[in-house]
Amino acid sequence: MNLSPSQWSALLPLLLPSVGACLIAIMSMDKDQVTEKWIRGVMYATALLAVGASFYYLTVLWNSGGQPSFFQLRMDRLAQFTGIFVLVASALTILQGWDHFHQEGWVKGETLCLLLFAVTGMMLFASTTHFVVLFLGLELFSLPLYALVGTVRLRPESSEGGMKYFLTGAVASSCFLMGGVLIYGLSGTLDLGTAAMLLRAQGLALDPLVLVGAALLLVGFLFKVSAVPFHQWTPDAYEASPHPIAGFMSVATKGVALIALLRIFGNSLTPLAGVGARMQSVVAVLAVATLVLGNLTALVQSNVKRMLAYSSISHAGYLLLGFVAGTPAAYTGVLYYLVIYLAMNMGAFGLLTAFGLVGDQITFDDLRGLGWKRPAMGIAAAIFMLSLAGIPPMGGFYGKYMIFRELVATGHVGMAILGVLASLVSAYYYLRFLVALYLQAPSAEAERLASDRPAVHAPFAGGTVLVCAAIVLAGGFLQTFLADGFARRALVDVAGLIR
Amino acid sequence: MSGLDAILQGGLQGYLVVALLLFAIGLATVLLRRTLLMQFMGVELMLNAANVALLAFARFRGGDAQAMVFYLFIIAVAACEAAIGLALVIGLYRHRDTTDSDRAASLKQ
Amino acid sequence: MFITFALITLLGGLAMLLQKNVIVAGLCMVATFFGVAGLFVLLANPVAAALQLIVYSGAIMVLVLFVIMMLNSHEEEKAQSARPIQRWVSLALVAALALGAVKLVLASPGVKALALNGATMPQAMTLQKVGTALFADHLLGFEVAGLLLLAAMIGAVALTKRNL
Amino acid sequence: MNKYYWLIPILPLLGSLFNGLLGKRAGKRVVTAVGVGVVFVALLLALSAFFAMKGTADHRLLLNYGEWMATGSLSVPFGLVVDSLSGTMMLIITGIGFLIHLYSVGYMHEDEGYARFFCYLNLFVFFMLTLVLGSSLVLMFVGWEGVGLCSYLLIGYFFETDYAPDAGLKAFLTNRVGDLGVIIGMMVLFAAFGTLTVSDLLTQAGHLAPEVGFGVLTFATLMLFMGATGKSAQLPLYLWLPDAMAGPTPVSALIHAATMVTSGIYLICRLAPVFTLAPITMTVVAWVGAATALFAATIGLVQRDIKKVLAYSTVSQLGFMFLGLGASGFAAGFFHVFTHAWFKALLFLGAGSVILAMHHEQDLFKMGGLKAKMPITFWTMLIATLAIIGFPGTSGFASKDEILYLAYLKSPALWVIGVLAACCTAFYMLRLFTLTFLGQARDHHTYDHAHESPTTMTLPLAVLALGTLLAVGLGWPKAFGGDFRIEAWLASATTFGQLHAAHGEHGSHGLAWALATVSTVLGLGFAAFGYLSYKDGLAVSEARAAKFPFLHDLLLNKYYVDEGVELYLLRPIRWFGNVLWKLFDVIIIDGVGVNLPGALTRVSGDFTALFQTGRVRNYALSMALGAALLLYVFLK
Amino acid sequence: MTWLNSHPLSFLVFAPTLLGLVLMALPQTMARLARMLGFMGALAFFVLSLAWLLGHGAGDVIERAPWFTLVGLPVDYALTVDGLNLWLVILTTFLVPLTMLGTWNSLKDRIGTFAALFLLLETGMLGALMAQDLFFFYLFWEAMLIPMYFMIGVWGGDERRYAANKFFLFTLSGSLLWLVALLYLANKAGGFNPLLMGQAASTLPFGVQSWLFIAFAVAFAIKVPLFPLHTWLPDAHVQAPTAGSVILAGVLLKLGGYGFIRFAIPMFPQAAMHYAKPIALLSVIAIIYGALVAMVQRDVKKLVAYSSVSHMGFVMLGLASFTVIGTQGAMLQMLNHGISTGALFLLVGMLYDRAHTRMIADFGGVAVKMPVFTTFFLIVTLSSIGLPLTNGFVGEFWILNGTFLSGFSWGRLYACLATSGVLLGAVYMLWMFKRVFWGPENKDEDSGTHHLHTDLNAREIAVMLPLVVLILWMGVHPRTFVAASETPVTALLKNAQAPAPRTFLLKPAVAAPAPEAHAPEANAGHAAEPAAHEVHR
């Protein structure tokens, strides 16, 4: 079987990261990479190069407007959107990683190569409707992430977090698998799109086993989205993992899972009318639960990373509300929100690196007065937090705006009200971040510690933070470009993706 | 043939029931046992359950090779999960000197 | 025939679930795998049966047992606190799921139809068919599986290799 | 000439601004020149305006200076109206005002706040003129509040003392209570007539059939009268006036005797046609006036502070005026304003000169025998005293007896009360006079240093005395063969072209004679009684006080009204405020309404955090439960 | 330059932000320079606003262009200055430099950043005042919170964190719920243009309309603040630095009332009319309640804060009366409150800078030490208690009259009740004045009076003079400030079909002679309005 050049160029974006991963794996076989700085440099450069190249090919593909589909792959605009999304996230992660792992004193090539494998897996996961590839993609990005969470073995928490993530994740993917198998069994094909057609043709749309299958598939997705009650791994895993990885997980995993959910349930399975309706009613309930629980729990966190983790859970709630509305505009809103969310969260986690906060427990007290010490970072932090809280003119507001508007338009006024109340609560703990940064003077002994600790030097992390801040602001002022030019085209240009 | 003997005489239903029960047992292991390795085996059982169902369906679809291929991939995945999972268990054991998941609960709230 | 293997499978599973000693539990699981292999044979799928025995019983379980030995945590440790809620809720849930599963399987029209049509055409699964399918249709999957294994290996190394 | 009349009020304003801003630097001479000068020029202008008004056909001069606050259907022009009523009042203000300015030059000479004092005094003249000349109720209200402000500032003039500020505050707030009435009254009148311009108001009111809008007008007039009681210190709002004596004496004379306190009467005269349409209000006015007259007079009987005595007498005299108005004797009431302005100002200035001589000693019991020391003051005070006790032939006699006569026509009971009040007046005035000037000195130290006041002070005394004597010429009662000229003179203003006369001339000369004789004889009798009981020292009075300890105590403490108000009005209000703040605002609204939800959210957050046990089995279980939920929903 | 001529409003709105960002970029070492730059800039904006807006004459200044269409709904970039907001805009541009000057030395650290935030805040306020597209308006409405939050939180008093959070969340809660209503209506109207939304609203069933109105009203009422929703105000005011309090009282509160008259009432006339009574009732309660609570305060600043509650109650009452007089009164009262209370906060700040205490009990006999200061304080106090010839009187008198005339049955009663606010205002202000400034000098060592050494300096006098001039000007010639709003307000009430004023009909026994110029309106009113024919019972 041979591919046409165009197909190759479409395949390259997936190929390059994995190639880069293999290269890095080879490099990191060197024993004393800890001492040899240039090797580390080369590894990170390679990783960036791979990501960059893949990004380049994706943008070329996007601009060419081609949407090839070969093997079980569908490199349509949605897939390209996902690719760009994931690649940007990973690039930011790599840059922040350089600083963070140096602060941790744990610079390993494996980390990068696992990250790149995860990237490949995510792109696969979001660009196919064929269950085999879907499942393999899922595993290809889950397994490296399990490993990444536990990668910094110095800290006892790390392996515990990884273990929890792994066990829950394995259960979830088993359910996912079982669901897929059931649907295959009753339809006879492994491609979910075709399966849905066939099932409807055979009048098995409401066969109990089909419904069970769909439900189990949904479990797999919701676990990755970390929606209540499949969310409990999130805070532990985030706290255990290095900041950049936590940021990457919070952004990429969620995003990819949502896009896949959109592709599968919003598109492929639509022939099974009953499934779609049930999915929406379930998601409605879970979204509400997610909003309430995520926000309330985030309110009482004293550990910054856990707070961010719960906030990411609550954001999953907002994003799922978009699925409740289920209109094209709402899906556009979801994608738009994802873009801003990428910037906000990568930025927020990047801040921790930029502030040079390493160690197990990072509490709000560690942030005291940093806003004045590092003005640029402080302003960026203000932008992120206000945007997360959904205060205009930050980008986060527009995402919420679109989703809530569609909710109201589709008659879910009650949910919209609950949503705004939730974001009211969230405003409180985001403000707490700013209170710590600006409104509280550091305690005396904290000052003393800071004085004898060497000055924080995190140029890359700082850079990424500023970039993210710029993106968030851009989301606030160029909202049309992002929403219509990027998010909307990713949906609408795809043939019949939105029915 | 009616439900029950369909199961007993090894009709498709029988295999499916076995698969689902196996799945349930695996889940039960994860939920009830505290030893990480046991819970891990439970996961393996759940994967196996999926295999049983898959191949049963394949058989009743006239030996569908697609399913068989998928079965291969699942085995690969199972192996990978084994590798990662056991590595994590070992890592945890090195720090905590325990394989009891309830004792590895320092991350909470 | 079917009943035997099915019983072996399920009882093995149950035994594993209830077994206190981890090593024994592991062996029970091997038994389960054997049962499953038998079921595969009944399903006219010797290839799968073979793989089942080689990979699972041969590789994975041995790995698991190695680890068990290495960590010499044979007996389950004393529970810090009895968690009746966890236990009873889980039991109830699992029981419900199991019963529900049986009911659903019997209730599903699709399965019934399939059981009727499918039973008539016994076709043994051959390696050749698998091979063609694998390399003709599932090249991508094959590659990805390769990546997956590599990733898993690197992950495992990264997580455990001592002086890294 | 007309186009300069706006200067009449504005000049004092300018003077006040000058004294306020530059006075300190300019020095006392300039301040004097400006302060007194502007009032004098205003007086001259006022005279010319007055005669210009006399020249007009309907005795009215309407001057309009454009719009002030117009919106929607409401329009309030800056306008002055000079007619017989306001003209006379204007003359009183500028005239007596001028004299008192002159007097203050001497009286305040030592004070370092000289400039400030004249600033306030000029400002007062400005506001008073605005009140009198204002062409619309709102403009009058400007003056109304303004004079209140000035009296507040002047009472609190010695702000570094501890009593003056309280007195000032009390005065302003008590007045404010009345002002509420005025505002409400204005709102009602506006709703009723669609205008607040006096002339239109009166024109329309004048053409109303008596029974129309009875309720409305009664309400409106009652409200306005409430304002009047505040400004003119009638029951129940009289409380502030006695304390107002904390201010410098010229202030007491100008503001709290001659002019400001009479503005209540002026307001009612101004709106006479409206008030006549509300007979109920008139009765109320009469009774309140009578009651106040007697009430205040009785308190006056026993006070020791010379200015306090005069203050209470002022209150009771004002009561007489209201009695007159209430008996629809607008002219009579106003005539009493006129005469009272002279002799009461004279009394205060005399008292002031005495106080100055005694080195700010105000206690009657420490005075005595000053006749020899300060003759001018003595003689002028004598004239004033005779006038106020209504000695036959004096202006006081004329105005008071007219009032009593009308009161009798309205209801004999009123007359009786009036006469009683008059008797008390006679008594305490003689008491005051005797204790001050006659007998022998009781405090020799101060007595030895006592001396007659400088010319700037005695001259006004003389002029005022003259005025007191001549004032009678304006309205010798018809009953005694006089032509109650002022009535005809004011008719153009009070009965504003009304269809029905303010009151008919029933009754007869005989009756008038009888009443007058009775009241006069009684009055003189009490006067003599007062003289006899104090001519040689305090012994007699003290003995009497000992005989009726309770009564004496009651009067000495002014019926304990102040204490009552503090106890049963102010304290509860403050307490209520505290309750609202500490209980309602902080605890109920802010606590329960705002902070409680927040706290609840936190608590529930703590609760939800409990589910994050950290044990992976529990996580798996919650996932399994979630899956079960999904299955349930999907299969349902 | 041509761009400026065509987009004066855009310049006014966004220039402060640009300047503010520049100031923020300056290093801490150049803070003093930053402060000076900020002040100069603000002054320039004030001059420009005067020149452009007043020079422009009666006509409205309008900038409207489609901004963006976010998945379906168009949002306009629409700025307008017309009769309704002209003077509020100028008040804003006027107060900002004045406040900067007035609090020149009261802050010690990070003055540059403060000036920058101040300018950002100015953008927010001006934008909210000018925005003619509800989405646009909402943006500014929310964005305004951010600088204010930091101003309170960073430079505030001891309780500043609590106060700042309370201010932020309290306001946010209202506006978030309002956002839902906004989205609902926008979906119905297919856009955020107030006119379209109003038309769309009129087609909805009354129940929905009233819910929407309530959502709008609550959001605005919190800003005003109306009675039960006022508790954020005392904390915010007391904790905020002087400049913050001045702007908070001077402009931010106005946005609430402005929101009513600009959006809530025109968009939902029926609902507004239907809820006029509760609003008026709450206003009356606010007037009396605020006054009573202010009376017993021990902290001067808190007293002034509660007095704001009382004064803004008058504004809401005037708006609820649905008469031209009342509404105009409310418009004026907003300006009055901006000037008077702003001035009061400035004065309190000046006192605090010297004495480092605001407790009434710590003072006494201040008049001896600071005569000039006392004089200014007295004048401002008088304007705040509504003495005639000062601005306070005109507004309150109009509002009361308007309420009394209002076509609603409750008008007369409420007007009479509200009048007591005039008395209570005098009570708490003058009582405080007496205790702080009069009486014997407070001699003890740690008292506030003891720390007063200098009277106002030239800068502070320069700050106060314009305010005093305005106080008198607005009192003597209010037309200057309300003439512009007369027409729009009349039109507004006409469109809203407000009930005709209720007057007593007193029929003259014989025809009254032709009355003067203003009488006809009244009589015409009598003749025209059916409501007029019911005689007072």
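Labels A, B, C, D and E are assigned to the chains in the order they are written; within every chain, residues are numbered from 1.
Convention: a contact is a pair of C-beta atoms (placed from the backbone, for glycine too) under 8 Å apart; a residue touches a chain by one contact, two chains touch by 3 or more.
Since we're looking at a predicted model, the values are computed, not measured.
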{"item": "Smallest count of steps, each to a touching chain, taking chain D to chain E", "value": "1"}
{"item": "Contact-richer chain pair (by C-beta pairs counted) among A-B and C-D", "value": "A-B"}
{"item": "Identity of the chain that, by mean CA position, is farthest from chain B", "value": "D"}
{"item": "Centroid-based (C-alpha) most distant chain relative to chain A", "value": "D"}
{"item": "Closest chain to global C-alpha mean, per-chain Cα centroids", "value": "E"}
{"item": "Rounded Å distance between chain A and chain D, as computed from the means of their C-alpha atoms", "value": "80"}
{"item": "Cα-centroid distance, chain A relative to chain C, in whole angstrom", "value": "31"}
{"item": "Mean-CA-position distance for chain E and chain C (Å)", "value": "73"}
{"item": "Between chain B and chain D, centroid-to-centroid distance (C-alpha), Å", "value": "99"}
{"item": "For chain C, residues that touch 2 or more chains besides their own", "value": "83, 86, 90, 93, 97, 104-105, 111, 114, 138, 141, 145, 148, 151-152, 155-156, 159"}
{"item": "Numbers and ranges of chain A residues touching at least 2 other chains", "value": "132, 136, 139, 143, 146-147, 150, 153, 159, 162-164, 167, 171, 175, 185, 208, 212, 235-236, 301, 428"}
{"item": "In chain E, residues with contacts to at least two other chains", "value": "169"}
{"item": "Chains that touch, pairwise", "value": "A-B, A-C, A-D, A-E, B-C, B-D, C-D, D-E"}
{"item": "Interface residues, chain B side, partner chain C - complex", "value": "3, 6-18, 20-29, 31-35, 37-38, 40-42, 44-45, 48, 51-52, 55-63, 65-66, 68-69, 71-73, 75-84, 86-91, 93, 98-100, 102-103"}
{"item": "Of all residues in chain A, those that touch chain B in their complex", "value": "131-132, 135-136, 139, 143, 146-147, 150, 153, 156-164, 166-167, 170-171, 174-175, 177-178, 181-182, 184-185, 188-190, 235-236, 239-240, 301, 306"}
{"item": "Chain B contact footprint on chain D (complex, rising order)", "value": "609-610, 612-617, 620-621, 624"}
{"item": "Chain A partner contacts - residues on chain C that touch it in the complex", "value": "104-105, 107-111, 114, 136, 138-141, 144-145, 147-148, 150-152, 154-159, 164"}
{"item": "List of chain B residues in touch with chain A within their complex", "value": "16, 23, 26-27, 30, 36, 39-40, 43, 46-47, 49-50, 53-54, 56-57, 61, 64, 66-67, 69-70, 73-74, 77, 80-81, 84-85, 87-89, 91-92, 94-96, 101, 104-109"}
